[in-house]
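What follows is one structure encoded as structure tokens, with my remarks underneath.
Chain nomenclature is as follows: A, B and C, assigned in order of appearance, with residue numbering initiated at 1 for each chain independently.
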Amino acid sequence: MEKMKAIFHIDEMEKWSLTLINVRNLLRDSEEEVEIEVLANSSAVKGFTPDFELAHVITKQNAKGVKFSACKNALEACDLGKNDILEFVRVVPNSMIELIQKQKEGFAYIRP
Amino acid sequence: MEKMKAIFHIDEMEKWSLTLINVRNLLRDSEEEVEIEVLANSSAVKGFTPDFELAHVITKQNAKGVKFSACKNALEACDLGKNDILEFVRVVPNSMIELIQKQKEGFAYIRP
Amino acid sequence: MEKMKAIFHIDEMEKWSLTLINVRNLLRDSEEEVEIEVLANSSAVKGFTPDFELAHVITKQNAKGVKFSACKNALEACDLGKNDILEFVRVVPNSMIELIQKQKEGFAYIRP
């Protein structure tokens, strides 16, 4: 069977804690490799600034292979530029297109 | 690759603004045609009444090809009939069945 | 066409009422058989204790074939053991893996 792949969708700051706990448990409990992307849009992109209280968790999970993406439209709406966020975060032109494409590629959608 | 298709699921009035921003950006940023359906159930069906403050946005997006659907069960629970809502809104007998069928047809699921 | 299958994801206690209404309507309105799983993680697993005010609804829906699953990690975080919850609830080692696998098996994802 094909590799496990999941895209987590987060659009509220209040959901970062639960989302990162879900990702941590998934990394820990999975016996096979899992491809994981955490996509933030709307106000949740503010979680990618280095002074966010969970930035160290995000950084640690990225070191373990988790991809983090931010919606360009949302960053602009929050007045954040590429230089204001963690350097490993990928900026996607449109988060909806990203969600559609990943699901077409077989990623499971998870909305904590 | 097959056309991009997405179904947005909204069940809270508070989510209309974000949902419509997501749809607007998707329409604007996509280079290829996208089939979009916005399905409202629970109390979110009240967003389809003409006096809702974002009704003009819904109407504009519909003119651009976005389909809007309302759950019949939810409309009844809110004491709303076909004549109380925007005329282009399609009433589906059961929103869960709609969500399942669309995902089977390859629609990405997006829950703002 | 393949049988309809859906997995409902709930991670907040406040969502139990809406989730169970969605499931009830789906059971009632579907003309063909539907395979339904309701997966609870995070604090929503507390809905599986027998003293939860909607426990009788959960029990009734289970009798109609709906499967209910609880995340082991979440149960532990809530200090709940297998004996503290309704006996028909299946405990899954990791709810994220369950969500990924079910979507791979063709289950539609629904997040009320």
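Methods note: contacts are C-beta pairs under 8 Å (C-beta built on N, C-alpha and C of every residue); 3 or more make two chains touch, one makes a residue touch a chain.
No experiment lies behind these values; they were computed from the predicted model shown.
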So chain A and chain C: same face meeting same face, with over half the numbers shared, or different? different
Between chain A and its twin chain B, rotation from the CA superposition, multiple of 5 degrees: 120
The distance between the C-alpha centres of chain A and chain C, rounded to whole Å, is 25
Touching two or more other chains - residue numbers and ranges from chain A: 109, 111
So, in the complex, the side of chain C touching chain B is made of residues 1-2, 4-6, 18, 21-23, 25-26, 29-30, 34, 106, 108-112
Once bound in the complex, which stretches of chain C touch chain A? 9, 11, 41-42, 73, 93-97, 99-101, 103-104, 109, 111
